[in-house]
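Letters A, B and C mark the chains as written, and numbering starts fresh at 1 in each.
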Amino acid sequence: MNKPKVSFFDFACCEGCQLQIANMGELLLDVLGAIDVVEFREVMSEKWVGEFDVVFVEGSITTPQAIEHIKRLRARTKTLVAYGSCAAIGGVNGMKNNYKLEDIRKSVYGKDANFFPTVETKAIHQVVKVDYVIPGCPVYLPEVVAVLKAFLAGLPRPVPDNAVCVECKLNENICLYERGVACLGPITRAGCNSWCINHGNICYGCRGLVSNPNTKGAKDILEKYSLSVDLIANKMNMYNKCGENDNRE
Amino acid sequence: MQYNLLNKNQLNDLISFLAREQKVVAPVAQGLNNYAFTEIKNGIQATLNYIPTTLPPKKYFMPQRETLATYDTTQGQNMDPVVEHEKVALFGVHTCDLAGIQCLNMVFSEKPKDQNYLARKNAITIIGYECNAYCDRFASCRLVHNHTPNGGYDLFMTNLGDKFILHVNTPAGEKIIERSHLFSLAAKADLAALERLRQKKREIFEKNEIPIEHEKIPELFDKSYQSKVWADLDKRCVACGNCTNVCPSCYCFDVIDEPNLDLTTGRRYRQWDSCQNETFAKVAGGENFRKERGARQRHRYYRKFRFPIEKFSRFFCTGCGRCSRACMAKIDLKETLVSLIKEQGMENPNAGRQSTIAEKPATF
Amino acid sequence: MNTKSPYQIKIGKILSVKQMTSMEKMFEIALPGEDLSHAPGQFVEVSLLGIGEAPLSVSSSPTKQGSFELVVRKVGKLTGALHKLKAGDEVGIRGPFGQGFPVRILEGNDLLFVAGGLGIVPLRSLINFVIGNRKNFGKVDILLGCRNPKEMLFHEELAGWKERLDVNFNCTVDKADPDWKGNVGLITSLIPGVTLDSERTFAVVVGPPIMYKFVIMKLLDKNIPERQILISLERHMKCGLGKCGHCQIGNTYCCQDGPVFTYEKVKAIGGAI
């Protein structure tokens, strides 16, 4: 069997997810045994001119040029994977949508603003059809491998729809609320094996909200713990601003 | 010989003795008044003065993730069932958790039997440990009669202050006593001390924590299916699943296949699942039979207090209080029960008092 | 330790695959060296290693020897993968599971079958069993409904049932297409027209969740006693062993205590339909 031709592209992002993949370590050899990487700017200089079997896209769409580029990529590939929070849910780039586009443009580019057309930040699926989604800032490698396996086997692989708390409890971590710290675990989608909390961090909601979040209930929780609601609203906003566009549709 | 004594300073020796033959797990402090059953090598690591651990000992009977089979499909649908088990001594298990293990035993011994669970259970030695007072305000062990031991252990330790007295319940327990050479026979005075302690406990656990008679609980739930209380929980619950994961008698699971990158080999495993999760009861076509969080909460309560009565003749709530401790929304099991009781006008402030007297003293 | 895992699968060989509609395929499967020995209404857990398992009703009658039939609608991971298989491929089979239709109790009585959509798949097992043992049963009425004519399954078999003098067959579609000559309307519209002796009639109803409430109302209007209305409930299932909890409705495990229940029982469970 021919190994599928895989490529990696990035849009507005920090390239941290690519770095994750490039630094996969031992697993990388297994992965490379199963796929044929034909284009990956972070690690190789070759460019591929033909069709792709699968394109991994990192980053969100923030310019008219990017819209055209992602559409061209979509046309060249059988399968498209949005990986990383920026691509999957808009991620931190979504904070741009808190401001008027004109204001943003001026504050970033100053007097040259007119040379830099810009659009509202969009997650990849808000522009083109996406076949697999791997949220996470950065992506959690075991999940990347799981999605890769699903792709190789031709199977669907939806993002889990239960809370990060589920995995966190299975790992028997001390709940951050007991430390008096606000954590977005209860309303954020699992699938990262509560990676951040295992390492003493809080959940910032980088994987997006569960499909049916009880946001009112989550606010009440903060009040019960005397934590500021603004605090969590900011944390939510940090990764999930673009999600508002999904709800509008 | 039913009762034996262990000197306080020999606890360490007992752990070392056990550790020579198997993995020993005991409650270990994690900070912030959190405890977890963890492997220990010597007695110093264990904490006997603990409130219920974050996860109950069920994780040794049905691990969070457990391989059921491995497979290799190069020659077709070939799978090899896997039964993972190892010798474990569970040290310092409270009576509520003993009850939880008894619940799971009943479920998994029921036909069709679950060989994976049973193999593991058979490899586990249980050394219980008595609570001489309430753990905290979340506990409701008196209500469900789990504040004193009701079997389900090999050895059961009670702290008599200067020494431990151990009840021997099984041949496996007997063996530990014989082979460790650490124990001496309990004298009349020790048994009297145990009886005094139990008497004192009767005073502490004087009546039910919740104003209802044990026997009336099924009736309460028969009347409460349409209660407004569930609508209140619906607003508060965020469906994080903590309450079921930490519950010693929750055992729902999902079965998942995990192929290796070659796509021909891999494993089929089960993983804890929760009726509180959004997708738990969803079927193809999009129908979700417990769509509202309130309905899922109700299901959880009925699975503790109503459904198992018919099938297993016991409550599946062990009174450990874990769900209330773990809930960020502060959904409190005791408060929920009190609300239901008030709604039905079934309050009985002295509930449990008489039955305390009827309780059997420790058998000599 | 020599233990028999309840998760062990048997190898099933696919003898044939038939495309039935755009969404459904029928698989004929044999267990080498043995019969499935199921009762009508029971289901099997079908597995493909690396993909998963799904509960699927046995659609063939137990009177069919040597192989059994499944009809699979493509909705997701496992069902999608099954649709890619062809004759000669293998699947894993566990079961049969659950309580099927109480054939003994039905014997000697009149039967009214009501099937909506995919409900005909398990019901077909019982209908063909009844037809195969026709003299053991009284009057037989079959009512069938589906969304549109394109979704209708088992065309040839339905035609056969329609031809029979000892079976009353009637069907309807929610939405007709230009070629459709039959009834248009919900399945509930067919029930008032059936003549029946409510004392000795058992109604056997299988269909999508929303159908039950309305069909049962009509059957009760016909004075059929609650314990003579049989329904088969679909729930999310994983283990099939009464353990994993997914299929639980109230106090009952649909996989072991069901999927077939009397309406009397279902009403008592609460929250079932």
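Heads up, the rule we're going with is that a residue touches a chain if its C-beta (ideal position, glycine included) is under 8 Å from a C-beta of that chain, and two chains touch if they have at least 3 such contacts.
According to UniProt, the chain labels map to these proteins: A = Cytochrome B; B = Ni/Fe hydrogenase subunit beta; C = Oxidoreductase.
None of these values were measured; they are calculated from a predicted model.
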Review point. Relative to subunit A, which chain has the most distant C-alpha mean position?
Key: C
**Study point:** Chain closest to the middle [Cα centroid of all protein chains]
**Key:** B
Practice item. Starting from the mean Cα coordinates of subunit A and subunit B, work out the distance between those two points in Å. Key: 39
Exercise for review: Give, as an integer number of Å, the spacing between the C-alpha centres of subunit C and subunit A.
Suggested key: 42
Practice item. Hunt down the residues of subunit C that sit against at least two other chains at once, touch-wise. Key: 50-51, 76
Study note, to complete from the structure: Expected list for subunit B, residues touching two or more other chains, is 259, 263
Exercise for review: Would you pick out the residues of subunit A that each touch at least 2 other chains?
Suggested key: 153
Check your understanding: Taking the complex as given, what residues does subunit B use to touch subunit C?
Key -> 68-69, 71, 73, 76-79, 81, 83, 85, 107-108, 110, 112-116, 118-119, 225, 251-257, 259, 263-264, 266, 268, 270, 273, 275, 280-285, 287, 289-290, 295, 299, 302-303, 306-307, 310-311
**Study point:** Touch list for subunit B against partner subunit A, complex
**Key:** 30-32, 34, 36, 54-55, 59, 64-65, 235-242, 245-246, 258-263, 271-272, 274, 277-279, 293, 326, 328-330
Exercise for review: Over in the complex, which subunit A residues touch subunit B? Could you list them?
Suggested key: 30-31, 33-34, 145-146, 148-149, 152-153, 161-163, 165-166, 169-170, 172, 174-175, 177-179, 185-187, 210-214, 216-218, 220-221, 224-225
Revision key, fill the gap. Given the complex, residues on subunit A that touch subunit C span 153-156
Point to revise | subunit B-facing residues of subunit C, complex | key: 1, 3-9, 11, 47-53, 73, 75-76, 79, 90-92, 208-209, 234-236, 238-239, 241-246, 248-251, 270-271
